Amino acid sequence: MSATSESGAGAPPAAVVRRERLGRALRNPVIGPLGALVIAIVVFTLTTDTFATVGNASLILQQSIVIGTLALGQTLIILTAGIDLANGAIAVLGTIVMAKHVVNGGDPLLALVLGLAITMLLGTVSGLLVTRLGLPPFIVTLGILTVTYALARLYAESRSYPVADRLLRIWGEGTTVAGVRITWGTFLLLGLFALFWFMLGRTAWGRHVYAVGNAPEAARLTGINTRRTVLSVYVAAGALYGIAAWQALGRIPNADPNAYQTGNLDSITAVVIGGTSLFGGRGSVIGTLIGTLVVGVLRSGLTQAGIDNLYQDVATGVLVIVAVSLDQISRRRAAR
Amino acid sequence: MSATSESGAGAPPAAVVRRERLGRALRNPVIGPLGALVIAIVVFTLTTDTFATVGNASLILQQSIVIGTLALGQTLIILTAGIDLANGAIAVLGTIVMAKHVVNGGDPLLALVLGLAITMLLGTVSGLLVTRLGLPPFIVTLGILTVTYALARLYAESRSYPVADRLLRIWGEGTTVAGVRITWGTFLLLGLFALFWFMLGRTAWGRHVYAVGNAPEAARLTGINTRRTVLSVYVAAGALYGIAAWQALGRIPNADPNAYQTGNLDSITAVVIGGTSLFGGRGSVIGTLIGTLVVGVLRSGLTQAGIDNLYQDVATGVLVIVAVSLDQISRRRAAR
Amino acid sequence: GSDAEPDGGDTSSGGGAEGVSIGLITKTETNPFFVTMREVAAEYADEQGVELTALAGAFDGDNEGQVQAMEDLIARGVDGIMITPNNSTGVLGAIEQARAQGIVVIALDTATDPEDAVDATFATDNLEAGRLQGAYVRAALGDEEPALIMLDGTAGGTVDTFRHDGFLDGFGIEEGDAAILGMENTQGDQNNAQTAMENLLQRNPDVNAVYTINEPAARGAYAALEAQGLTDQVVIGSIDGGCQGVQDVADGRYAATVMQFPAEMVRQGMDAIVEAAGGGEPPSGFVDTGSIVITDDPVEGIDSETTEWGLENCWG
Amino acid sequence: MNVDDRAPVLEARALSKSYGHVRAMSEADFELRAGEVLAVVGDNGAGKSTLIKALSGAVVPDSGEIRMNGEPVTFRSPLEARQRGIETVYQDLAVAPALDIASNLFLGREIRRSGIAGRLFRVLDGGAMRTEAKRQLDALGVRIPDVRQPVETLSGGQRQSVAVARAAAFGTRLVIMDEPTAALGVRESGMVLDLIRRIRDRGLPVVLISHNMPQVFEIADRIHIHRLGRRAAVVRPGESSMREVVEIMTGATEAAAGTGGPA
Amino acid sequence: MNVDDRAPVLEARALSKSYGHVRAMSEADFELRAGEVLAVVGDNGAGKSTLIKALSGAVVPDSGEIRMNGEPVTFRSPLEARQRGIETVYQDLAVAPALDIASNLFLGREIRRSGIAGRLFRVLDGGAMRTEAKRQLDALGVRIPDVRQPVETLSGGQRQSVAVARAAAFGTRLVIMDEPTAALGVRESGMVLDLIRRIRDRGLPVVLISHNMPQVFEIADRIHIHRLGRRAAVVRPGESSMREVVEIMTGATEAAAGTGGPA
């Protein structure tokens, strides 16, 4: 019974075919969404002449910034088998708090801090309700959604607040590279995705997030503090929504309590197109970034293609389904 | 090794305490939502003097009919670990098809059949995309949502169609019992819930629905035709949405392509308040009925209490969370 | 989302306007009011040989969607943009950007704040329209002590606020007056309005006046009152002037509606842009496209038209 | 009666299956004869479960051929195998944790009410299902407080008993059991061996995967030894010792009995 | 060295636990002494897993007392037990199927990079984790093609090995194993028994739940016999026969060795 040496010699029970690298790449879950993105870009490039310009690419990125950041927070929560219906509302309250403080003559930096504090607070409250009372995230965030929009309207006194302050609008500014305007917000978006890609993939915290979403009971039994892990995710998401609020003011320097009502569904869509499972524990933020871009490219491309209003909706619906089908097919291939 | 007789004698390894009935009742998953409903009713009865009238009760039932029927279909789909974002849209298209046919001088019965056919067709399409292509229900029904609203607007030419026909409005009529008006629609709603309560709990089909939602791979391995089961659920839901469309014309005899836009979230809310798990395989239609009523009671009660609109939103958000907390607490009790 | 509809392009007909391209951005693509605007614009563009691109936000309050639409239109290099802004300040940045590129920007239906952020505004004076509704309802009540229910639209909407405030002004009471029995937001949706009215009636069966933000809300209110058999004691007022609404007035469902003229807004706006594109003076200022009470029960001191006239001039 | 004389009931030739770059089964052969108990043994990860999943339709092999009573068959789903009377206890049990014991036992072939209610509307006879479930589990010597308990509340062994009882109750042509006694106690294991004997006595062949050598030698007519994704040998308990079997299994000796040849 | 002389490391008195109307544990006693291998045996559903879950913090008992080195402790979560050096292999393995083998092995105590990146940001040292995982699994004789494989793609036995390797690697005070060899092959089971011996030789006591009597008699210093939710007897392998143990377990004889008394 001294098989140690033998198994050390590495003759595996099932012969390992050494085309690992390619196999691994093909099984990478980001392949599907990426394929959809590439196909969309190619199709619109061929069918319209205004789509494939650097300017338009920069525009699509700018248009994706707020939803992208919301979707990043959404990804974290969905990875823990949760869902966040309140992200748009929380970001909106953030914009109101920031803008109203400045409009009333307050210090912009303090306004920013207050805005971020309120979004993190709301994230924390959601997280506590989910972890302490064990409530379904759907219900918790639905409640927070209703309450937050109401609070935003109450606090805004049902007005909107235009922002002139430079600090609050900073992410809308940018630099011009080779005649193309790239906003700081674009860099921030990419930076945030890189940060969370690293955090999820390379830190203990990231492992715990995946474990808690994939098998909560197993995670608990192995001694992971599941409550703290889940809570940390909601707090991080709250912070991201605060940043999204800041970015939103950079894009539209006007805080409106009725804005971003479809932020929740739009961000979930980006996450799901990106290949993350709504059942938790499987997925990646890179997928979400691609998913966000897929949605942005579809909208922009269909507009450039001059497709009629209502038919555009039809096309979007169909294309979203097609994009995810591609993902599904590539997965089945890999599973064979 | 002849323990058969011994175990037949029934001394179980863990002594079975014979307070089964009570225990079973307390562990009934409907207890939580029911408690929330009762508490809500008691609170509004005590705080307002117009809430606790038979007339108001009948009114709440009437207001709950359409959402209740949508939520019933939603329950079926959620039990299979799916979700339906398109139910409101499908019902709206149903109302347009029925109403336009009649407004254009068509036969009301044929109108009804056409309307039901289109909703069942859309349910079937969703089901096929989910079962054949293995796409996530969230994405499939999101696509169907967009497409269906667009189709409804195109077919309605962005107009709304008032309905005068008696057959199409039948569920809004009713009878007066002891001075209280009860619509046929109310009876239909209760009948539909009873039917599906029976189907889910007492037929092989129902068992398969639960099994497919709870453990799809196990269901497949035991030889259940999982695809057919899931498909049947989407078709049944489509039929229910058609009935919801008919009921909607009874309540508001005007088919409007922009109606019921929150039907999806509202129905999911009712399902989740009713204690059904979004992960599939656990829950009941009775819970959904109670969940629907909880939402109806909250809205009516808060209005009766004269609470300002925005504060009403705050209260609704908080109360929804409280309602589900009650459920959670009662479950923990039972699990001890 | 922002959506394109290149209805134009037919340059065979029309005089002087050929080659002019105009963008229209409405709040949503679903509300019949905006659908009418789009249809009128498409028709008018056809006649004039103007190239039209029609876009919209996804929901009331979708500033982001409207900004995206502006960006797309700027990228396309249109001559003029007509926009019904979500709120008076929501898209100022994008408007500024457009005007900096020499594009004529015209606000329709809703004014911006400040008003001169755009070249010109063609809109209903919603405060005045609300005032007309309020004055009519108050007059129709006669000597009765008013007991009012208000079915509002969306909290904080610019139009919603003007109409609401105008109504109270015309009705002759202040916000918070005891005569106001209840208020609910209905999003201008018939189903929501009916539910809200039903619930409010439980508490306030002695209502005699109802303010509604638009005609679907008025229909919902009527259905709830009808079910309770209270239609005779209540005066319902509304605003819009859609054909179905005018028909409702003709059928006696509610007392009056205040008609506005979206087609006028669109036509005048397009004329102004075409003229400016042809080297003329750019338009300027606020142009009230008017509003008028439609009723078959006229009251003293308030100008009104009959439903017959209304059905000829209605929209949608 | 000599099992060698009997015709093969289920046969497979050169079955292969890869998952990505892991080759779980490579050119595996298999042969089950009428009325026999065939044990399948092998190291962890040798590919035993993959083999029987291919035989029961749970996995579609990449290549190879399966024959039932000499006639080629392809199972694209477990349902198709079941319709031909093949009943399987899977290693991971294939139970629905939220459903109760009785429902799990009858999953996919519920007892229906008699008459039209049962035939047309598939209305269940809950009482009969519970009674019958209790009977089946008693026959396995499992003590279960209440057949209305959800399976997720059962102990590991109780759960396994449910899966075994299901296969035993419904197999009509042959029964495959993947480590059916792994979680069972001494007494319960004995009862499962008794059950396997009873099934054989009913004339059905049984495939038994087990790591428990004494058990295998006690009950098997022939032993299929699996190694590195394929059949390394087939031996008879009377003719080989436990030690020899283990040596073939672990690769210490190359298969003496001839790779793939019938024993 | 005589184990009887040693102090009890982990003790429990009168632990009870009910689920609804099912009484899984009723007044169970337990005693583990320093440096011993204590086997826990009993019928399916006897309450063995419930007992060790109570000892490892996975379940909070309704009543009763637990002492560690004489001092009363209450574990409200597995984390608290683990912080006191109790490491457990659960019967249902407690692995995250979607995560790879290395991640599962180190779940909850990942190897971090040295320096500030590791300490402050908890950045993982993926290479070290994979190397160490491979080493641990090799020591158990498990052949696993690739430690980057998700656990859900492993065979039943391979999966169990991952759980066993984890507990073996991290136990600092005592190790509890709930049927660690149930899914393992002959060779792999042997290696786990070797492992248990090595752990004992490191001075750590081990609790082993098993249905495999020969295994139990081979390795245990004492045998705790569980029946109907409580300890029926404690015996020593040298002093009682397998037959006697099975008889106590199944209730054929009332516990000769005296209920709850030390053997």
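A, B, C, D and E label the chains in the order they appear, each numbered from 1.
By our rule, a residue touches a chain if its C-beta (ideal position, glycine included) is under 8 Å from a C-beta of that chain, and two chains touch if they have at least 3 such contacts.
Molecules present, by chain and UniProt name: A, B = ABC transporter permease; D, E = Sugar ABC transporter ATP-binding protein.
These numbers come from a predicted model, not from an experiment.
Centroid analysis (C-alpha atoms only) places E farthest from subunit B.
Relative orientation of subunit D with respect to subunit E corresponds to a rotation of 180°, obtained by superposing CA atoms and rounded to a multiple of 5.
Between B-D and B-C, more C-beta contact pairs are found at B-D. Taking the mean of C-alpha positions as each chain's centre, the chain lying farthest from the centre of subunit D is C. Put simply, the C-alpha centre of subunit D and that of subunit E have 29 angstrom between them.
Once the centre of each chain is set as its mean CA position, subunit A and subunit C turn out to be 36 Å apart.
The geometric centre of subunit C is 73 Å away from that of subunit E, both derived from CA atoms. Separation between the centroids of subunit B and subunit E, computed from CA atoms only, is 46 Å.
Shared interface positions of subunit A, i.e. residues touching 2 or more other chains, are given as 3, 11-14, 16, 153, 310, 313, 316. Of all residues in subunit C, those touching 2 or more other chains are 29, 155, listed in ascending order. Multi-chain contact residues, meaning those touching two or more other chains, occur in subunit D at positions 19, 21-22, 43, 45-46, 142-146, 187, 250. For subunit C in complex with subunit B, the residues that touch the partner chain are 29-32, 35, 152, 155, 182-185, 189-191, 194-196, 198-200, 202-203, 216, 219-220, 223, 227, 244, 316. By the touch rule above, subunit A contacts subunit B in their complex via residues 81, 83, 85, 129, 133-136, 138-140, 142-147, 149-151, 153-154, 265, 268-269, 272-273, 277-279, 310-311, 313-314, 316-318, 320-321, 324-325, 328, 332.
Subunit D meets subunit E in the complex at residues 19, 21-22, 42-46, 49, 91-92, 142-146, 149, 153-158, 161, 179, 182-189, 211-214, 246, 249-250.
Subunit B meets subunit C in the complex at residues 48, 50-51, 53, 55-56, 59, 62-63, 153, 158-160, 162, 181, 251-252, 254, 256-260, 299-300, 303-304, 306, 308-310. Subunit B makes touch with subunit D in their complex at residues 1, 3-4, 7-8, 11-14, 16, 20, 202-205, 207-208, 210-211, 214-215, 217-225, 281-282.
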